[in-house]
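Each of the next two complexes has chain A plus one more chain, namely chain B in the first and chain C in the second.
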Partner chain A sequence: MTARIGVVTFPGSLDDRDTRRAIRLAGAEPVALWHKDKDLKQVDAVVLPGGFSYGDYLRAGAISRFSPVMETVIEQARSGLPVLGICNGFQVLTEAHLLPGGMLGNDHLHFVCRDQKLRVENAETAWTGDYRRGQEINIPLKNMDGRYVADQYTLDRLEAEGLVAFRYLVDGAAADGYGNPNGSLNDIAGITNEAGNVVGLMPHPEHAVEPLIGSGRTDGLPFFTSILKKLVNA
Partner chain B sequence: MSRTPLDTVEHAAATPDVELPWAELGLKKDEYERVVEILGRRPTGAELAMYSVMWSEHCSYKSSKVHLRQFGEKAPRSDALLVGIGENAGVVDVGQGYAVTFKVESHNHPSYVEPYQGAATGVGGIVRDIIAMGARPVAVVDPLRFGAADHPDTKRVLPGVVAGIGGYGNCLGLPNIGGEVVFDACYQGNPLVNAGAIGVMRHEDIHLAKASGAGNKVILYGARTGGDGIGGASILASETFDDAKPSKRPAVQVGDPFQEKLLIECTLEAFKEKLVVGIQDLGAAGLSCATSELASNGSGGMRVTLDDVPLRDSTLSPEEILMSESQERMCAVVEPEKVDRFLEICDKWDVIATVIGEVTDGDRLEIFWHGGKIVDVDPRTVAHEGPTYERPYARPSWQDGLQADDANKLPRPATGEELRDQVLKLVSSPNQASKKWITSQYDHFVQGNTVLAQPEDSGMIRIDEETGLGVAIATDGNGRYAKLDPYTGAQLALAEAYRNVATTGARPLAISDCLNFGSPEDPAVMWQFAEAVRGLADGCLQLGTPVTGGNVSLYNQTGEAAIHPTPVVAVLGVIDDVARRTPVAFQEEGQLLYLLGDTREEFGGSAWSQVVHDHLGGLPPKVDLERERLLAEILISASRDGMIDSAHDLSDGGLVQAVVESALLGRKGARLVVPDGLDAFTFLFSESAGRAVVAVPRSEEVRFNDMCGARGLPATRIGVVDGDSVEVQGAFALPLTELSEAHEATIPALLA
Partner chain C sequence: MARVVVDVMLKPEILDPQGQAVQRALPRLGFEGISDVRQGKRFELEVDGPVDEAVLARIHDLAESFLANTVIEDFIVKVEEGAEVAEAAK
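Our next item is the complex of A and B:
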């Protein structure tokens, strides 16, 4: 058997088709979900893809968070539905308060598109089981508003409870993908909730799933095989 | 604010003596008289608005079309061309039932006035041309030219242009896979912002801009119409229509990429359900262009009620509505029984859509406002029968002197130390330096099909996941070569783009061009233009690559000083399996480096002459298109049969530039030996055309040499991939770390 993983399309979503492809390549069944539709079509997990939903107007993710589909996603995520937010999806998850903190504009004020080295800090979430803790991976990053911020209390809690899922690797040459690309606090690239079912990150694992395409690496595929394994074994 | 009386057709006929502001709208006296002659009366204000924008240089090609005809007359026989010049964009058959549409356009003037919005809406416009053909856009490319890199105004224009391209293209979800960035003082007051796009569709999905079938509805959808960009295609003169209104609106349009993204998805969904008979995007000249072209290309006439156009500003006059260049709008012709479904799809995507008229039996384009008929014209006279000029042209008096100022006579480096210094100077010069600071502001991953992106020789996109079918595109142009000899310069641009596509393993199929020149009213500029078009048409005939369409940008001139003639050529190629693509980066140590082609003492217009001597003179490199074709065949065969692991075209900067780029990208050095018969300087810096450097695995050397020998292509072993420096035996060695620092630091230091 396989698992059905939904991918939400908001107006302005860009990586929805790429994410469905990544799910398919991992062996699961991708299901297209529509922002105006509350029905999640009985999927086993949901991905909120990258893009500029609603043009990022007002604030990245701020309008999408109120779309009909998010009502159901928020409700079910609280009772354990695995949800992954990539880039704009991460922004939506913070706006929806499924994950703490928020994203500001990159500190250098430019859009940045590059290969990015990350360290997996938590390999026990629903989406990271196929990684090893401490594993270094290389995944494309592309965003305008990627600077993760949170108050000191929240940062301390994230660190103390092991909720930082991915961290930018900063010690090395920029040309090799090292460095904090946007000024995120504590070099945070992605986080998880306490239950480990909700994960958000700025880099794009769906762009690192085929050897020939994009970065030419497959470091992002374990996101999708992790969730598949978890759902199938459940 | 009363507008009395409304200038209807009837009113115009009754008041022949009313003076209209034709000169302010950019029409010449004889052009205005021609309009009166066509109509048999004076035009209404609305008709004048339409004729003035549609007969502008930008829309009518009035100075250029007598020359552009050669692209049709000399078109090579090609089975690949499905739709040629004249539609929104050309369409090429790439096999397996797929068709690809692509085009390059200019947005030069707006980008100088307002860099961010000018560049952003340039991307928006070219993408709508691609959608209008029925295709899903899959990639964009941006050939850019700016003034001197260290000029203060470049720091105003370039970051704005780059942010605008990124801001719009990234938000549309289109990978930016190629283009160029060139600096030259000649572009100081006239930066060139060209934008190209590629789209993919199935053969049966090709759509055309024509309105046929009486009773079919004309639907305007997308953004509301505002006062932005009025007269962008001609000039700004709105206040002369009505003094009581807020005057002077910006002639540069403002883009909303989010709206365009919805427009793309909504249009593609309507295509998928076969709801569209004809379609046209609203770009230059807005509704004037869309209605007159749709009607002109179709079999019938068209009736439009302008009151039904959704407005952003309710005080707009009908003339302004017709001239507005508000972005993110399209016009579709839909059969009456399919209108409801079309509107439903628009509603799904939150896109405003309104029926504004219908196709009629007659052959007139009639437009109504407040119940009165304000336009009654034969649409062909607006869209296709504008004036044609045989502008005088003459070889400029300075051309001989320029060509006599031979760059081959410039002082050359004599020692290894001097060579080393000049190599460093070259690879760190703004034109030869890494453009990563710029390209990292563009998304090149989105859509998940990008096989190659800049700084590769061509951008490559997979279009079929099952078979691996892909397309490649490269854009090139060298204004310095073209200044020395426009005919040869245009052919060199073609040859380079053709070669760049072949270097990555793709077979060149067709071209689009963006011809950037100074004022056509200057006979010297007109001669450059005529020569460049002749060169390009002759070259395309010889290479068998038809011109599918393109764009002409004239008046790139500040005062008396025109830009270098800058024909930019985009070549589209196809590759059967993207897994066979050849990258620029060195892959493995120990592989053998081969130089393909002949190297001569050719330094006219070279990067070396510019960087070391600030010199422009002599003749550009010679062109041998038969040799280019042979080189391309060898590169494609070698790629397909796995005989080479990396390849790089040789162009500006010569061999040393290419080797340094391959080494830095692959993080592997090279040891080079100067071949017999060449001196180190010529070997490293010459810009002879028709050359590439390839890395051959040792196991493939015999087979590769046999192939080149049998086909008659000179292949010279020049070294090996090895170590962590670029070394020229007996002359110098440069560590990769030093080269990398020199190559990477320049652009951020100037612009960040």
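Our next item is the complex of A and C:
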């Protein structure tokens, strides 16, 4: 028996297949979940993938957050179910208030698609145990609404309690993957809740899991091996 | 039928690059003297029946939980001029 990790497909999800593939490559069993279905099929963890669910109408993630599957995800996340939100999934998690703050359009008003360097700031969440704190990784980033914002009180709390999980590396040339790509406050690329079971980030670890594909790096794979280890050892 | 309008705006402290892009285009179009533009959303809700306090309270809840994300946005609910307003709401 290995861990079963669900991946939700919303209308407009794009990266659900890549995410299921990443889960399989890590050695876990991917389980397809449907937005209209409240049943999570007894999975041990859930990934909300990237894309443009419901066309990003109203606000990115705002309509998905009220879909039937999210009712169950929100309820179970509050009692400890590990949930990872990637890109659009991160937006859904902030809209669902499972993570603090909100996501807005990139400050430069353009879609951004590039390799992005990040620093792992918290290696103690359910999804980051196979990284080291301070480790620098390089994974693809592609978004329109990637600007993380929160009020000063929330930012101070995130920083003080170590809830910033990933930060954009800004000291270097943009061509080498450095820089804040969207105007996110405090260069925040991803955050975790206090319990460490809910993590959201804008960049796409599921696109960096195979040496033959894309950049050739596998810097995203530890997300999926981390959760597998966590679940199997639980 | 009556119309209730919900205006949603980014909170004042949050950067609005779309509004800034609009503002920067103004001098090119010959509009001078406008120092700032902020862009928001307007929702027009056609309500069946009279708009009483209970209906307005429900629309307020809807705006707070769905039409606006109050982490980043403020909203105002108003009954449009000329709409029939029930006694209770006056």
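Just so we're on the same page, the second predicted complex is superposed on the first by the 234 of 234 C-alpha atoms of A that agree within 3 Å, B and C clash if a C-alpha of one lies under 4 Å from a C-alpha of the other, contacts with A are read in each partner's own complex, and residues count from 1 in each chain.
The definition used in the following text is that a residue touches a chain if its C-beta (ideal position, glycine included) is under 8 Å from a C-beta of that chain, and two chains touch if they have at least 3 such contacts.
If you're wondering where the values come from, they're calculated on a predicted model, not measured in any experiment.
Report for A:G183: first if it touches chain B alone, second if chain C alone, otherwise both or neither.
second
For A:F66, using the defined touch cut-off, is the partner it touches chain B, chain C, both, or neither? Pick first, second, both or neither.
second
Applying the touch criterion given at the start, work out whether A:G214 contacts chain B, chain C, both or neither, answering first, second, both or neither.
first
A:R119 contacts which: chain B (first), chain C (second), both, neither?
A:R119 contacts neither chain B nor chain C.
Between chain B and chain C, whom does A:F52 touch in the aligned arrangement: first, second, both, or neither?
In the superposed model, A:F52 contacts chain B only, not chain C.
One more residue to check, A:K229. First (chain B), second (chain C), both or neither?
Touch partners of A:K229: none, neither chain B nor chain C.
So in the complex, the part of chain B that touches chain A is made up of which residues?
For this pair, the touching residues of chain B are 163, 166-167, 170-173, 256-259, 261-262, 348-350, 439-451, 462, 465, 578-579, 740, 744.
Which chain A residues qualify as touching chain C in the complex?
Touch residues, chain A against chain C: 58-59, 62, 66, 94-95, 97, 100-102, 104-109, 149-151, 183.
For chain A, which residues are in contact with chain B within the complex?
11-12, 14-15, 17-18, 21-22, 36, 50-52, 54-57, 110-114, 140, 142, 144, 175, 204, 206-207, 209-210, 212-215
Considering only the defined contacts, which chain C positions touch chain A in the complex?
Where chain C meets chain A, its residues are 10, 13-15, 17-18, 21, 66-67, 69, 71-72.
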